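Each in structure tokens, the structures are laid out below.
First subunit A sits with subunit B, and in the next complex the same chain sits with subunit C.
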Partner chain A sequence: MAKKLVALCACTMGLAHTFMAAQSLEEAAKELGYEVKIETQGADGIQNALTPKDLEEADIIIQAVAITPENNDRFDNYDVYEIGLQDAIKNAKGIIKEIEEMISAEAQ
Partner chain B sequence: MQEDSVFKREYVLIDADVSTKAECLAFIAEKAVEFGISSSVQGTIDGFMEREAVDSTGFSDGFAIPHTRCDAILKPSVMVVKTKRGIDWPSMDGEPTVVVFALLVPREVEGTVHLKLLSALSRKLVNAEFQKSLLNSCDSDEIFGIINQAIQS
Partner chain C sequence: MAITKKSAVNGGTDRPKLNIGSTSPAPEKKGVWAELSKHVMTGISNMIPFLIMGGLILALSQLIPYVILGVDPSMGIIDAMNSGKYTGSSIGLLKFAQLTLEFGGTLFGFAIPMFAAFMANSIGGKLAFPAGFIGGLMATKPTSILSLTDGKWEANSPVASTFLGAILIAIAAGYFVKWLNKSIKVSHNMLAFKTTFLIPIIAAAGVMLGMHLVVTPLGGLINSGIKSALGAAGAAGSFGYAIALSAATAIDLGGPINKAAGFVALSFTTDKLLPITARCIAIVVPSIGLGLATIIDKMVVGRHVFDKQFYPQGKTAMFLAFMGISEGSIPFALEKPSITIPAYMIGAIVGGTSAVAMGAVQWFPESAIWAWPLISNIAAYIAGIAIGAVITALIVIFARNNLIKKGKLEVDSND
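Then we have the complex of A and B:
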């Protein structure tokens, strides 16, 4: 089964960076062989909401947020990697690889 | 094009003779009032600057995406400016900005249809091919076509 990466993106105004970050993460994760699902909390509301099942199945959980997201207690019992929206936009692939390294280092 | 369309041919402004971020935002604000997108030049500038104060909306490869959701804006719209010369607009890679996407949104928006069009465009903006096609084009009809297709798809 493919590895799964889920992420939540939310910027202050929910007009631009939320979606730029979501798109960048999605493309990078696919390229790295992940099944991917990304929730956006933007001006158009919550889209593609992550379910408990999504979080349970995920190998990597990322939040790229500049605000406290709605319904954040879903994430309480999981390891969540918090990254900056700008980093997500300009270096999504590098960041996912860094997280992979952190996870494999922890596993040892 | 429908009257309430978020993006129209006239919203593409090429060869803008602006040298700074402030001049560029003022130019966009003036045009926004002229096009009936905004009720106030100063209100629009203030809206943009409020967002720029959080952090610069310049990103990479010559693109910036200033945006505002404020009382001055009358209808959700996207305006695209291509500047005559690269301008200093603090960006993620330090490159000067030449293509400016301005997203203008009223404080109150009915439904999410227009917002979804804007979010689709934001997603497209990180696509290298899309960026390249806009950087390479100096023809406003062509630029309009490229962006209009991105919004519709």
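Then we have the complex of A and C:
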């Protein structure tokens, strides 16, 4: 089974950065061979919500947020990597690779 | 790159694939400011729908009497109805305008309480929400001070601490509730007592006394202080403010500097200290300028200076700008920041400052076209936008054209 990456994106206004970050994370994750699901909390509400099953199955959980997301307590039992929206938009691939390194360094 | 790892709260026991044998790393490495700014942004994010809804309705209350019916701007709606100049359907319209004024004003007035409520909620969770809410409401409608004058007790309302007070009480209430939650330890069957009685009454009493004794006097003092300092600085002060505000707004288009500037400007304008005119203009100038650049580049330098896909984006950005949304110009800034960002800033500064110099005043924190009826001296405002947009467009076009000529920039166009 493919590795799975899930992410939550939310910016202050919920108009542009949220969706730009979601798109660039999705493309980068696919390119790196992940199965990917991304929740957006924008001005149009919560779209594509991450379920408990998604979180359980995920190898990497990312939050690209400028605000405290809604229903944040569902992440309490998991390791979450929080990144800036700008970084996600500009360098999603680099960020994912860096997180992979952090995880493998920890597993040693 | 800033990656913050937030480890699983219970040590991640249900995620053995990640955490076997790892000594648990320091969980929150984020700085205090980054943390606080996230809470402030959460508050602003949830306050904005109130500003928009209230603002839309309030705009009608200005549009109907002062634009459609031509009522003298110094006259209130009810005075206009009593003036005898309006009859029949005009009276009906004025009645409706009065309704929108009261309804929209009340809705708008909930923006600050909502800000404080969601900010406190972001810090301290569900129990902090009502504490922040009431704190924010007290910041706009402070509790009265009782004083004995000539042998009689009188209730006087103090100067409101407004936005400043709201942010102080949201921080205080949020962290206070968080601390209470952590430090009051009770057995499992006493949990209901803790969460339905103990914390609510301590938090509510704390906010009540904190607002009355500390935040309201302090915030009121600072607000009146700023007001008199600005009065003393006069015109030079308001120009300096316009320049700084437009530059900070345009520099990173919705990034941290923009948001910080917006935060200061929002608090000044809701407190009626300084109008937000320059920021409203600086928000729309970059997008309109770039939209303009995609339209006139061929006429100005005789060639297309952007890649094909940017042309429809330029027009979208321009349209979004009239809706008060600046994000449409982000793709351009990402593509060639060294040209685009200075062009944004120069256009925004010149546009914002010249509109202020020509006497445009906007107190309402919204750039969209529907907020334009609330501007005084709208001709100056539009002129400022036009000047700024043209300058941005020309800088971008000439700078890009120059790079193309030197062979340092390639564009994929149909030329």
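Quick note on the criterion: the second predicted complex is superposed on the first by the 108 of 108 C-alpha atoms of A that agree within 3 Å, B and C clash if a C-alpha of one lies under 4 Å from a C-alpha of the other, contacts with A are read in each partner's own complex, and residues count from 1 in each chain.
Please note the rule applied: contacts are C-beta pairs under 8 Å (C-beta built on N, C-alpha and C of every residue); 3 or more make two chains touch, one makes a residue touch a chain.
Computed from a prediction, not measured in an experiment: that's the story for all the values here.
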{"item": "Room on subunit A for both subunit B and subunit C (clash or fit)", "value": "clash"}
{"item": "Which superposed partner A:Glu82 touches (first subunit B, second subunit C, both, neither)", "value": "second"}
{"item": "Contacts of A:Asp44 with subunit B and subunit C, given as first, second, both or neither", "value": "first"}
{"item": "Which superposed partner A:Ile99 touches (first subunit B, second subunit C, both, neither)", "value": "second"}
{"item": "Contacts of A:Lys90 with subunit B and subunit C, given as first, second, both or neither", "value": "both"}
{"item": "Partner chain(s) touched by A:Met13 [first = subunit B, second = subunit C, both, neither]", "value": "both"}
{"item": "Subunit A residues contacted in one complex by subunit B, in the other by subunit C", "value": "12-13, 15-17, 20, 86, 89-90"}
{"item": "Residues of subunit B defined as touching subunit A within the complex", "value": "51, 54-55, 57, 59-60, 65, 67, 69, 92-93, 103, 105, 109, 112, 115-116, 118-120, 122-127"}
{"item": "Contact footprint of subunit C on subunit A as seen in their complex", "value": "11-17, 20, 56, 59, 65-68, 75-84, 86-87, 89-91, 94-95, 98-99, 102-103, 106-107"}
{"item": "Contact footprint of subunit B on subunit A as seen in their complex", "value": "12-13, 15-20, 22-24, 27, 40, 42-45, 86, 89-90"}
{"item": "Residue numbers on subunit C that touch subunit A, as the complex places them", "value": "1-10, 12, 14-15, 17-22, 25, 30, 38-39, 41-42, 44-45, 48, 122, 254-255, 259, 325, 327-328, 330, 334"}
